[in-house]
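Below, chain A partners chain B and then partners chain C, in two separate complexes.
On to the complex of A and B.
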């Protein structure tokens, strides 16, 4: 009977472990999950078998070292479905800020012996290296997303894929818009739903931890931020942040980086 | 129709009468920098002296020191969230051990709700939502259950915002239909007018004094001045033909450059009714809730049919919004879908103005 349960693995690459905590924080649902599937590799929770063949591999973290670029290929080869969880695995994450700078210079500034550090000049999403079947955005992802994706894969139906803007969730929760009522530079209009508009519910502006939504108009929003009084570098920093390497955000941000005040 | 005068010092008696009749009162309150509808138990919770300043993409409140409770124009919410819930479960399904599936309706809460401070534009919008949700072949049971339990205390609008244009759509500022009580706010109190049997019963429980001719004149004058103060307008009440004759107008590209396709306009619009549905299964897979959620013609899913997205870009999505709201509504419901509340102008994060876009595409002025 147990042999029929789908096998899952949770792999870690360059990341903070926060998305793996979304699994560990599931509470009762974690027990239900452990009944529904067989967890064969999840180092942070106990089981270690990184090279096991599995039905679903969840990947946290980005590719930032030559070994990881190799390792992710092995994971892909051993997995039926490959699901990225979180900003790092899906867009390159916060550490992809180095893509816009001289990574070597940073290494030299921080480490006494940088020659011992083997690190790529960029941090890239899993999809730049292998085929990805489903991307779950968020920094971190929520338990709700993990359960919904797992449930759909167990039902063998295509998982529901959030792609609308945070504004939709924000209005469903009847929050007062912080951009219109306070002039806060909210990234909700270009950011993917999924968090339930958490930040505007607490009266602050969204900083796009769920990455770009479908059909994002980052350029118009960037112009609006300038209209609210933000300097070009301040606008650039709004976009070049947790998901800064996502192309829609990189474009709007880099266009304003290094521009003098006008 | 007119029942008398209620001094402001006795406003609480109106709330008390509603509470006694088993209603939860919902009225204007200040939250997070805006006037929103929220539970109201004491008259002191009303936004005394608050005034809004609205412009495209901008909303701010200020305190004027005025003793009035209703000297503001509408905030982001309309009546819509109270009848067409932003998200709600419609039914649940269960699978038992032998694999049979059963469906059960999830009934909406049967709470009696009194909404205080409703404006003419929102009553006109409610009329349209009634037509859409409960006057068709099949009534929407969730909408109808909530609608049945509403009692509406209107206030004739004396403080339109710069974004308002209900005069041009013919929907305000005087409330003329579908209210139970309507109030005219004066410096010291309210002229009370009943519009229904429950309204008359409610008015009978209040200690009202006889209204004077001077009070009546002052009330009429304020509403007239309020109408005159509106400067925005739509080019015409019938824009269907002009819109559909201009489907390739270059202005659609221009607005698509600015529009974020964020759906805020449709969410705050009191007449928009689009929704999506979603399934929420438990991890064990034996139960699932089926949800209805506010959707928008600005989402990709709105025009997705198996394997194909009809409106993939913002140009066609904005065009859908405008040609439906101001165009094909005439065919569906015999009038335009716009009641001139101005919410889509103020609450658009980039300040896109429906009256300006309509004028650019159909010709005609927006200020007059």
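On to the complex of A and C.
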């Protein structure tokens, strides 16, 4: 066995496990990957060695406890490259909507004894805590994204950044535009490409699980939604969703939160 | 005065479970005094996140609780909401939901059998290691997992957080040609799923009879997935809406997961409970297959869970093939619904057991309150009771590594999905001795 194989780790923080499942759903490619690299920490798949030094650490999940903030710093110190996988790790995820509410009060409402629960009031992306080398967007990410990232980092070629918007993927696939055809409040015009425009292909509006595209004009799309007849609160909910804490979406959404409800 | 000596041991543990947790033991003079399966779910607080959202947003939100069983979360949610609104999506939607669920059972059970459980029985540390000596079995497992994912993709575009389900039905109906192609693939793989059942039953499964209360859904004709009444091996038989009158959740100091008890007692949900309570609802070819095994059901041996999972893969493959054979493209893939104020209840059989949900909704369709009771919190008290007796009978003098290995194996029988957990797994044994 070749000892010089690159070493990788997969770490979990507050998340649903859906992004690491992209590894476990690789099928035979997972076995090939395990030949090409040494998987030193990936608790769900078997290997447990969280403090091992690695070439690439993949991070799933957001930071929402003081211990996790500390843990991600240790991971950073042990890793040559650190890659966030998915919305949770990259923008804080759906659970980051708590950042806009009183999380303490929420804890008390769910748990009879909130004092047992160490929790920060916020759910924050990994980049709020440590330097991130590469961000993979999506809720969940795809196996293709993971393999491409691994390859580019290990061969030191610049990683591919998706610059297009979901809108463009629709055009490539010749999907009927759901906003034009059905007046659906589709977030495709401001969402990073990468999924292959799955939702419009299923005749529904994109809800931006791949996060904001570069330079999204969220405000102008929000006004267009109002033009479609959505009340400000409904427009706010469109943006305050899976990637609601991403600054471009938070701004467009929160701006409308103050207005009277529909 | 008695001097207590505490030896805290801190070892990373519980590999190959979904999510991360800690097992803690306190041993005094060879006896386990305290045992805690700690699930640190840094609370993602979904129930509160749902408040104020529109009912139509619920399926896409609750999917994010668990990447391994998003279909289950979506299905319990749409049933809860539709029951309140009085919506009748009709037979096409009903069949497609069953098909969707078959995909999740096949995917989740295959993943658990091959990636999480089987390495235990074959002395490997992971599927990667197992692939060296058992390449054909691993390949078969990966193939079945992929087929489960294909079914979910047919109706949901992707297998994790599928985008196809909505209140009232599905956003889009599959084309006939796609349905036919998938049916052919499933039919070709059915013998492999049956071989998987025989393979699991031939594993060296420990003999370990235990007393437990099994809980599942029960349907008048079918092996339960989306519909039925809540029944137990001790005679419980209630409607899904009556869940709260018998099942109570409480919080333990050592866990952020709420624990659920039935009439104050631990209980089991999941494949073994389901099969024990619904053996007579197996399609007859599966019944014949089950009867031909050395492992018999109903069973009180938790190690038989792996065989129950494999049998359920065959149930799901056959159901999927049956539904796809009769597939016709509908006029519409969903029915429209109109909101109504009140409380709606839904309960479906997630791969790991019953997943119960309740939504309080106002007249405009906004969620006022939500309650979600996942299978893992229901199994938690049962898992702890099992761990205590298994580790005690193994003998606490066995040392940390042996305790840890056994503890992990016991836990894997339940396939806990600590989907929201983090904090990697430790085993902490605290030894108290008289000094």
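Please note the rule applied: the second predicted complex is superposed on the first by the 258 of 262 C-alpha atoms of A that agree within 3 Å, B and C clash if a C-alpha of one lies under 4 Å from a C-alpha of the other, contacts with A are read in each partner's own complex, and residues count from 1 in each chain.
Just so we're on the same page, a contact is a pair of C-beta atoms (placed from the backbone, for glycine too) under 8 Å apart; a residue touches a chain by one contact, two chains touch by 3 or more.
What you are looking at is a predicted structure, and each value in this text was computed from that prediction instead of being measured.
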Room on chain A for both chain B and chain C (clash or fit): fit
Vertex chain A angle, Cα centres of chain C and chain B, expressed to the nearest 10 degrees: 110
Partner chain in contact with A:174 - chain B first, chain C second, else both or neither: first
Partner chain(s) touched by A:92 [first = chain B, second = chain C, both, neither]: neither
Partner chain in contact with A:212 - chain B first, chain C second, else both or neither: neither
Partner chain in contact with A:14 - chain B first, chain C second, else both or neither: second
Contacts of A:151 with chain B and chain C, given as first, second, both or neither: first
Touched partner set for A:221, first chain B, second chain C, both or neither: first
First (chain B), second (chain C), both or neither touched by A:159: neither
First (chain B), second (chain C), both or neither touched by A:143: neither
First (chain B), second (chain C), both or neither touched by A:188: first
Superposition-derived minimum Cα distance between chain C and chain B (Å): 10
Common interface residues of chain A - those touching chain B in one complex and chain C in the other: 203
Residues on chain A engaged by chain B in the complex (per definition of touch): 29, 32-33, 35-36, 147, 150-151, 154-155, 160, 163-165, 167-168, 171-183, 186, 188-190, 203, 214-217, 220-221, 224
Interfacial residue positions of chain A with respect to chain C in the complex: 12-22, 24-25, 27-28, 30-31, 34, 39, 43-50, 61, 64-65, 67-68, 93-95, 97-98, 101, 103, 106-107, 109-113, 116-117, 119, 123, 139-140, 142, 195, 198-199, 201-204, 207, 209, 234, 237, 241-242
Chain A partner contacts - residues on chain C that touch it in the complex: 12-20, 40, 42-49, 53-54, 57, 60-61, 64-68, 70, 111, 115-116, 119, 125-129, 131, 138-139, 142-143, 145-146, 149, 157-161, 163-164, 166, 171-172, 250-251, 253-254, 256, 258, 417, 419-420, 422-425
Footprint of chain A on chain B - complex, ascending: 31-34, 36, 57-60, 76-77, 81, 86-87, 257-264, 267-268, 278-279, 281-285, 293-296, 299-301, 312-314, 346-350
